[in-house]
Amino acid sequence: MALLNLKDVSVAYGDNVVLKDFNLNIKKGDLVSLLGPSGCGKTTTLRLIGGFIQANKGKFIFNDKDYTKVPVHKREFGFVFQSYALFPHLSVFDNVAFGLKLRKTPKGEIKKRVMEMLDIVGLADYSKRYPKELSGGQRQRVALARALVIKPDLLLLDEPLSNLDAKLRVKMRVGIRKIQKELNITTVYVTHDQEECFSISDKVAVMNEGVIEHLDTPQNIYDNPKTEFVANFVGFENFIDLSLQSKNEDISTYNSKNGRVFKVKSTNINSNKETIKGAIRPEEIKIVNKGGDNKDENTLDGIVGISTFLGKEYQYMVDTEVGKLLVNGNTNKRYKEGEKVKLYLPKEKMVLV
Amino acid sequence: SSNESKGEDVDKQEKETLIISTWGYNEDILKKNVFEPFEKKHNVDIVLEVGNNADRLNKIRMNKNSDVDIIYLASSYAIQGVKEGLFEEINRENIPNIENIYEIAKAPLGEKYGPAYTVNRTGIIYDTEATKEKVDSWSDLWRDEFKDNASIANITSTAGPAMVLAAAKKADVSIKDDYDKAFEELSKLKPNIVKTYSRSSDLVNMFTQGEIKIGVAQDFAYGRIKDALPSAEWVNPKEGAFANLNSVNIVKGSDNKELAEKFINFLLSEKVQKANALDKVDSPINVNVELTKEEAEGLTYGKDLINSLQTIDYEYINSVMSDWIDKWNREISK
Amino acid sequence: MNTKSRFLTIFSVLVYTFLIFPLVIITAAAFGANDYLKFPPEGFSFKWVANIFEVEMFIRTFKISIEIAVFGTFLALLIGIPAAYILSRYQFKGRNFLQGLFLSPVLIPAIVFGFSLLKFLIIKMQFPVYTSLLIGHTVVILPYIIRVISSSLESFDYSIEEAAVSLGAGRIKTFFIIVLPNITSGVIAAFILAFINSFNNVPISIFLTGPGVSTLPIQMMSYVEYYFDPTIAALSVILMLMTAILMFIIERTLGLSFFTK
Amino acid sequence: MKNKANYLLLLPGLILLGLFLFVPLFSTIFQTIRGKEGLTLVKYFDFFKDSYYISIYLRTLKLALITTLIAVMLGFPTAYYISRTNKKVRGLYIMLAVFPLLTSSVVRSFSWMVILGRNGIVNTILLNLNIINEPLKLLYNEFAIVVGLVYLFLPLMIMSLVGVMENIDNDLMEAAESLGASRLKAFIKVIFPLSVPGLIVGSVLVFTGSLTAYTTPQLLGGSNAKVLSTLVYQNAMSLFDWDTASVLATIMILTTLIVTTIINKLSGKLSGKR
Amino acid sequence: MALLNLKDVSVAYGDNVVLKDFNLNIKKGDLVSLLGPSGCGKTTTLRLIGGFIQANKGKFIFNDKDYTKVPVHKREFGFVFQSYALFPHLSVFDNVAFGLKLRKTPKGEIKKRVMEMLDIVGLADYSKRYPKELSGGQRQRVALARALVIKPDLLLLDEPLSNLDAKLRVKMRVGIRKIQKELNITTVYVTHDQEECFSISDKVAVMNEGVIEHLDTPQNIYDNPKTEFVANFVGFENFIDLSLQSKNEDISTYNSKNGRVFKVKSTNINSNKETIKGAIRPEEIKIVNKGGDNKDENTLDGIVGISTFLGKEYQYMVDTEVGKLLVNGNTNKRYKEGEKVKLYLPKEKMVLV
């Protein structure tokens, strides 16, 4: 049974409807991420669950009780705000100790738990500072510690790591995940960082304009997104119009407009339309060779355009017969602008939406 | 009278309380000379209500159950109180000391009401050093030399109406016949007037700061001005200074009437009058009080002086006051 | 600090000079030998200060003034802070109207208000003088409390409040431990304004005083009606001194987190 | 409002005002429109027909407005300065600003006489510096009243503004500056609009205060500087004519109502819509 | 010549010295990123350049003029704050138009430029909203538009994209880069996102505790970090203690403690110490085969520990003879915990620090 259950919820700011007949179920102990473009309603969803805004209609069930009208402070949820919302008049220690003090935790234990938590977020030396005297990332970590230390029934995290550098972010997310697992705290997590999202979540919900388009395990979302929006959002940068040729249980065959043949794994077909889009990530396209046989399946010819260095790889804009495609290539060899290349699009890596 | 005031214990049942409404000045001296001896003598508690004439009169006017037993007022206000029937009639037989006071003080409000317990003068004070010629008449106020250098009391203050009377003298009209003339005369005084004051402390200030060279004032302000400005002189104008009589009355509804009369009698007694005179709080009105020249300095003292004073018909003035204020506002102090 | 330009500093110094200089004159007079205001004074003397203690009424009315100001301000805070909070925290119909309403006591010439209260409370309702005085003061200072506090609440970031609530603090608790500490200066400003207004009030007190119940300003007014020695100046200096000491003690003993606890 | 119970928090205040402000006041004001037969506004017409009253009315209004304006101009930068100092010093500054309020209004006015008088400090200095040959007349005129009133009410303005300004985040000022606004510009365009709530409170307090002030105009004004409250006092305290006093008071109330509405509207424009 | 030049600058908050003898030179038109852990002084550096804080010592030269004391508003720098600092009383349009109005730009042009800029950040429909009515990401984009629209001489961006999702972030950074190039605006960019940092910058400065440890092109920083801190920070997760065996012009030889031989490209040697650390990224380590010949150069034996799904790849913790190493493997095959593997560390990919 679901621990948390949002049923046909609608939320509007004035006339501006943000969530419309929104549904979400979360199992006890799960960490569900909300992923979606800026302004799609992630924060709104969290605020709704947290009780800071009221739904116009619909219900919120938590732990089999109707929580729709339960006041915020009775909810025992931990919340990390996108804007931190630290108490400016309290020191870092007191900010974190705030929730514990309210729970009448003994002094000694407060001290112990707060310092433990500050240690986890790497701010043990900063306990006497005031929020104003901290850097952006430090503030964010205080906000995180403040929410975690009370071991809430439900943890609501709104981009809790957005202002941290890569290494620290990894460290923090590992920390969050560990605590979350240990205490079995059900968690709703909003992030815009996909790697973070995929590595930390039990389930990912991809939102678009106030609606969840795809709720699934990270692996499934990553490999096999159900809609074009989701595919695009999780990094399938390249879309090729295809029309069905023949469908098989294992492998199906499609044609591109210019007559190229594409074989695709049938489990990757997520739509029954006749003309469909084949989606593939830049890093899954292989640059095979200059020129070569035009008739090969799952290949395209193209000319290299501008390129960007991404650290691990180069990313090329390749002009092909079916339009511009983004292709990543490793750093062993850098292709020059104008070079002719052949691209190979592996059939397991193409998703049809 | 019952006592609901805070801070005053009513623990001893038999001890009565006398509530006296008075000005709030020289309280320490009055306490020593008047209130405490009386409290002792008659085994009562005296509770004071303080404020200026208008405030206190207004309060007993509006609040018929105000508990106040005795009220001190300047003449102009006392007369209003009489007219509105705010005071008890007194039994003069219970106040034998009335016989020992000067004639003008015996019954300024009529036989039925309280006597005056002190008198003071309204005259002129000027800075002799800054002035070319001696000042000895009300008319001297109009001199060009005092342009922008004079101050007179506001019409609404105790010494105010006297100025209209002085103007009438200057214009040589009888006030009751034609006060318009007096006001015409007053508006000729206007260029000289820096401001009209309503607190005597304000006047003292103007003298000491050099804002004015001449001012119309009550005599009790003179001492202080003289201290600050040794060249200041007091003038009893030759037309006569104006008398102001402060009287005491029993407030209607007082249930301590007898005690109140005893108090008035006590207040008029030679001993109290002398003590107050020596402390320079009130000029003595009891004819038996004898003072040396130094002791009399600054007081309105002596038969001759008191008899030379012009009295003011407040009953008449009160009847035209509202018109006077209006005229005053429009012509003198805009 | 680079948030303050030189112009601003000079300007503020000038404004403070304007505010403080007359007080210097008053202080000088209070300890001067002259029996009128003179600057610079001639000689030095404690006689005016000593004089205050000669006049018993100063002491007695001072106590009453303090009582009324403390109780009145306390009452007004009790009534005003919740109202201010609602008025600035929530948007609702009639909010502007209510805001205007709560401000109205300062719009009314105090003398008329005092007179009306005398007629209504003391004469008609037969309230004791002391109670009437307290009520009158509470009413006139309420606007200071409400407006000053709600204007500082308006620039308060309410997400902080939400954070506290999410950590399990009830609304009321949140108000006391989170909202209040962050508008401390507003509250202090309101308190000071209200207190001083009550403490200094003349026009209302005039009507609402009675036998044995009078306030210091009324007493001072009566005093300056006839006297012009620096006793009142000395009294003012003493008042300033006491305020300074009081604030110093609050600062030292309770610190600025006074309201947090 | 979501929660009806919230309204309860307004109730004590409403009851207090209703019972002890509106009931007594309306009964007083009601007297002014009660004529022999039915209700009448004749007393008000009388006031506005008389050019003498009008001139006093206009003078009072003028003085109050000028005072408010000057208090804003002096108070605003000062309050900003105070609000940007650190918390410890801020207390001291606020305390200093409050001190003038602790002195009796009479003494306060007297000290201004010492400053502005013919032999006063300002004239002495100016004479000694040979800037002027003859003492200026600084006292007993409208100028002196304005000085006295500004002095009296500036602390109120400062206090109201500090309360609001200290909650304005410094980042905003910096953002404005980084976009090319000079300190002054940034102040006008950002701090000012955000301080408007405090400004309104301050202005209303100062305006109503100066409109109804009695002692200061009486002591610092000369014989040609009578204001409305003098008339109220004369009528009430000397003539015991409470009807006329109430008429004048009602006119003052209406004036403050109109002016505060205008202040509200104006500042609403200044701050931009919320 | 450098356009911007910070010379021996020191900055402290009270006793807390944040920048110490800090030096930075930036060429006209360059985009330089500051990269570094939370609290290392990035924001402080920007605020110093922006003129919001004063240095205790040192000089700031800009365009050959001493800017140390120039007031903020005379600097003509655009600044995006980590905390947005939008004007709450102004609409989105007016927020963006703020700087233009101050420059007395004609009304029509203001309108045109503001709307253009709002279009670029995808908020054209939001021009009438107030900051309060925007989501976190939307606010951040307004802050960005506000700084860009004035075409400043120098652009200072403090994590301007931290609250945006991956796709939008790419779009925005391309937009920023385009405007920056077109107008040739010298830019200092603070970000914690390494991909973003590497793709957008001409130069990257890696900071550690108030000091720049390495300032170089993205490629060089990425491939050949000069210090252990930098290496670690840019993703060289694995460090192996090595001691020099023989140095050659081309290839040098090192020994690990347990006697394994490691050949390394000599250009990758950044320290002359005898005992040195060999650093390598998880994704550069190849899992060759189970077991195998122990004597191979540049190999290690290990046992697979816990693994994490990263989206593109799995990451394994492998227990080897020289300690635990992080190794990425592709998703074709998933290794199980306890499996024995052989790791190959290519010589071109190892850096010695």
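Order of writing sets the labels: A, B, C, D and E. Residues in every chain begin at 1.
The rule is short, and it goes like this: a residue touches a chain if its C-beta (ideal position, glycine included) is under 8 Å from a C-beta of that chain, and two chains touch if they have at least 3 such contacts.
Note that the structure is predicted; figures quoted are calculated from it, not measured.
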If you walk touching chains, what's the least steps from subunit A to subunit D? 2
Starting at subunit B, find the fewest moves between touching chains needed to arrive at subunit D. 1
Most contacted chain pair (by C-beta pair count): C-D
Rounded to a whole Å, what is the gap between the Cα centroids of subunit B and subunit C? 36
Need the CA-centroid distance for the pair subunit D / subunit E, whole Å please. 56
Quick one: report the Å distance separating subunit B from subunit E, using the average Cα coordinate of each chain. 89
Contacts with 2+ other chains: residues of subunit E: 52, 83
Two-or-more-chain contact residues of subunit D, please, as numbers and ranges. 106, 110, 113-114, 183, 194, 236
Could you pull out the residues of subunit B that touch at least 2 other chains? 55, 58, 199, 201-202, 205
Subunit D residues touching subunit B in their complex are 52, 55-56, 106, 110, 113-114, 117-120, 137, 139-140, 218-219, 221-226, 231, 234, 236-241
Could you pull out which subunit A residues touch subunit E in their complex? 13, 16, 35-39, 42-44, 82-83, 133-138, 141, 158-159, 162-169, 192-195, 198-199, 218-219, 222, 232-233, 235, 283, 308-312, 331
Across the complex, what residues on subunit A touch subunit C? 50, 52, 71-73, 75-79, 81, 83, 85-89, 98-99, 102-103, 143, 146-147, 150, 156
Applying the document's contact rule, which stretches of subunit C touch subunit D when the two form their complex? 1, 3-5, 7-9, 11-12, 15-16, 18-23, 25-26, 29, 37-39, 78-80, 82-83, 85-87, 90-92, 98, 100-113, 115-117, 119-121, 135-136, 138-139, 142, 144, 146-152, 154-156, 182-183, 185-186, 188-190, 192-193, 196, 199-200, 202-203, 217, 220-221, 224, 232-233, 235-236, 239-240, 243-244, 247, 251, 256
Across the complex, what residues on subunit C touch subunit B? 34-38, 54-57, 60, 63-64, 118-119, 122-123, 126, 128-130, 206-207, 209-214, 218-219, 221-229
